[in-house]
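Should a chain be cited, it is by its letter among A, B and C, assigned in written order, with residues numbered from 1 in that chain.
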Amino acid sequence: MRHFTNVNDLGDLKAALDEAFEIKKDRFKYVELGRNKTLLMIFFNSSLRTRLSTQKAAMNLGMNVIVLDVNQGAWKLETERGVIMDGDKTEHLLEAIPVMGCYCDIIGVRSFAQFQNKTDDYNEVIINQFIKYSGRPVFSMEAATRHPLQSFADLITIEEYKKKARPKVVMTWAPHPRALPQAVPNSFAEWMNATDYDFVITHPEGYELDPKFVGNAKVEYDQMKALEGADFVYAKNWSGYAGDNYGRVISKDRAWTVSAAHMAVTNNAYFMHCLPVRRNMIVTDDVIESPQSIVIPEAANREISAQVVLKRILEGLE
Amino acid sequence: MRHFTNVNDLGDLKAALDEAFEIKKDRFKYVELGRNKTLLMIFFNSSLRTRLSTQKAAMNLGMNVIVLDVNQGAWKLETERGVIMDGDKTEHLLEAIPVMGCYCDIIGVRSFAQFQNKTDDYNEVIINQFIKYSGRPVFSMEAATRHPLQSFADLITIEEYKKKARPKVVMTWAPHPRALPQAVPNSFAEWMNATDYDFVITHPEGYELDPKFVGNAKVEYDQMKALEGADFVYAKNWSGYAGDNYGRVISKDRAWTVSAAHMAVTNNAYFMHCLPVRRNMIVTDDVIESPQSIVIPEAANREISAQVVLKRILEGLE
Amino acid sequence: MRHFTNVNDLGDLKAALDEAFEIKKDRFKYVELGRNKTLLMIFFNSSLRTRLSTQKAAMNLGMNVIVLDVNQGAWKLETERGVIMDGDKTEHLLEAIPVMGCYCDIIGVRSFAQFQNKTDDYNEVIINQFIKYSGRPVFSMEAATRHPLQSFADLITIEEYKKKARPKVVMTWAPHPRALPQAVPNSFAEWMNATDYDFVITHPEGYELDPKFVGNAKVEYDQMKALEGADFVYAKNWSGYAGDNYGRVISKDRAWTVSAAHMAVTNNAYFMHCLPVRRNMIVTDDVIESPQSIVIPEAANREISAQVVLKRILEGLE
């Protein structure tokens, strides 16, 4: 594997899952694989889980790790050719990116949607420039439209907890005070579509996701109806995607907050969320603290998904 | 040893000191002990000595280290159940702490007293939540009421420099422009009470420490009288503890600044301070630069105290 | 080698270059040399290339690395004796520096000219205090008046690309919106003077560098004339050095921006710059993107120059 930005990069999911479970049994089995190899983790946005889990995964593989926090305000990259750089941008990406590639073997990039230009966001301008100009394998630590390390961890978690071959998985929108990117729900939908699960998406009208990601999922506007018989409830907020609603908060309706009443109509479903989660906005205290809440094991699997990805990229280095 | 937050966690001090001196002779003797083990250092407050010395100690033991700086302003954790999280706090500690525990083997936490709620500070709410929810061994890198890695290093230093079996050790308050926590003096008193030294505390009236920490120490309000015949002078500022004075600066009286005149009444005492030190507030230039000043060897012993603690926690991992 | 702050510390340049090319062939040949040795990198100023390349070089040698970012505003060191430290400076350098030396084997320091006191800048007050008080070998990661790791990388690059034994190397001033230190041009001049290259410096009147660094270089105020027949064009902005112009921007004349017209009079010269570079201020897009631009290989050699320096300091440790 060279780059990792979406589900297709991983190839056969069954093989990837087998690899994940093998690594989970012995995290240090491949500790020699990364010897004298350096991972550079570049954060344009803040991070807790991704920062820690990816660093841990790299160290499990014996890699050296360099973390570079790009302060959003302080370090502005010029992206246009022809500009006279006499303002506040001190470096052009056409120099900065290949330079970063000089000092490492693999690059991880976190760069969220900026909600300033939908086309740029959905064309993944930032991470694609790293792929084009760095000369190194690049993987997403959450890009503008996808968060594949999260989705892979979600898949691993569902495989660990599922009680039937083809569980019903319901991704439900839930309210949040701020406008969040669509990367997590897009990506989760993309990965669920790559399985044979019964996958349903529910959200208020106006919160339709990009059809490219919705794929064959059933979209149901009645949240309670969607949750009926669910084996897994995957809650997440996102801001509007379609038309003028792009990047906007359309609803803060707390009737959508996942509560015991919602869980009661499910098939004793497990509750999942990528974290961080706003309690009593996304989900009530009692649901997230219930035995059916698997948010912590889900987070723990972030180390495993990152390690499979890094292992495969390491194996692909010439 | 599972957790390390106070002197009692270390057990027999003689054995701990022997271990410290053994490690100081060969810091890399146990470099295999920490192989494939990860230390997560979490800083809610800034740090120089603790950051560097603990990281160095962990690397001496062959550990991997991840440092997480929690910007006090930016990363606000919700601590109450039942709150609708629609404000500026993006994550609840009930998720954040177990998640951090997922990606490491041992957690070090620095979290100072906040002077907003004395009961919360003296109940050590933050570090105790890490102990309760992280699922990992936790050690203090200075908590609200104690700084045990500093006190252990202080003890090692006194043992190295003392010229009699039972030296006279005087902890003296000294002025400072800002309100500082009581963690260092509390902790130093706690550790001195665990030895058979002749231990005296001196401070202006109003600066009485929590009796739990003062223990059997002699409290003497006359600084010069307290210093008479001292073998070690341990200077430190702290803010008020008792009643309405909690967290307040009551005096900036520079007559308490440790000077040559103060040192003249001692038994040619060694001068100690945990650093950073405000010169000519806490101590005069000539005293801290004199041959009797052992503040640098004292700081150097922070690596040793941290390494004993990490070694013991590593040995206690299942 | 004990310290590294200028070209003389490296001794015979031919031997140093041979060592650089040996390391470039196998970066991990000396991976055992740094075992259980710790590099402390201290940044008083921000850094991309130096941060990454020096960290990578240290890891190539098997060292442990601790990075300490000293926020310029937050962490103020008192430098004067006798001051009553009741203001915003929390620690005196006479304590801070030896303490930092306690927890490492080698110290790298980045500390730019502050343009507040020319004598202090040109006496290299900050890095010299580290040399005097840390008790450790110290190397410059760009100090007030020199950037020797950059100059050494520049020399390696010229040696790799030169087509004749004694190439003509022209360092040309170019415009920039802000006042930049003279460290890079000073240092480059110092290193070029240590070779037998034909070395020319060109800049507008008023931009004369310290004669100590200019040395035997030919200074030519007519940029086009200077560039005639050049084999290497080394562009760089700097602020005024002489008299009242110290630290000031005297000209932003974009006629000095290196363009295709400038390159046309050279001997098909290679274009070099230490980066980050302001496009269309220092150099036009077409020149920096041309096949003759070697700014990326030049940046890549920063890893090599740092590794030679660290290797030699490691070999010199008792």
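Definition applied: a contact is a pair of C-beta atoms (placed from the backbone, for glycine too) under 8 Å apart; a residue touches a chain by one contact, two chains touch by 3 or more.
For each chain, UniProt lists the protein as follows: A, B, C = N-succinylornithine carbamoyltransferase.
Everything quoted here is computed from the prediction, not taken from an experiment.
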Steps needed, at fewest, to go from chain A to chain C via touching chains
1
Between chain A and chain B the C-alpha superposition rotation, given in steps of 5 degrees, amounts to 120
Cα-centroid distance, chain B relative to chain C, in whole angstrom
40
Touching two or more other chains in chain A are residues none
Hey, which residues of chain A end up touching chain B in the complex?
27-28, 31, 46, 48-49, 51-53, 55-56, 59-60, 177, 252, 254, 275-281, 285, 288-289, 295-296, 299-300, 302-303
Spell out the residues on chain C that touch chain B in their complex, using ranges where they run on.
36, 38, 40, 64, 66, 68, 74-75, 78, 81-87, 90-92, 94-96, 98-100, 102-104
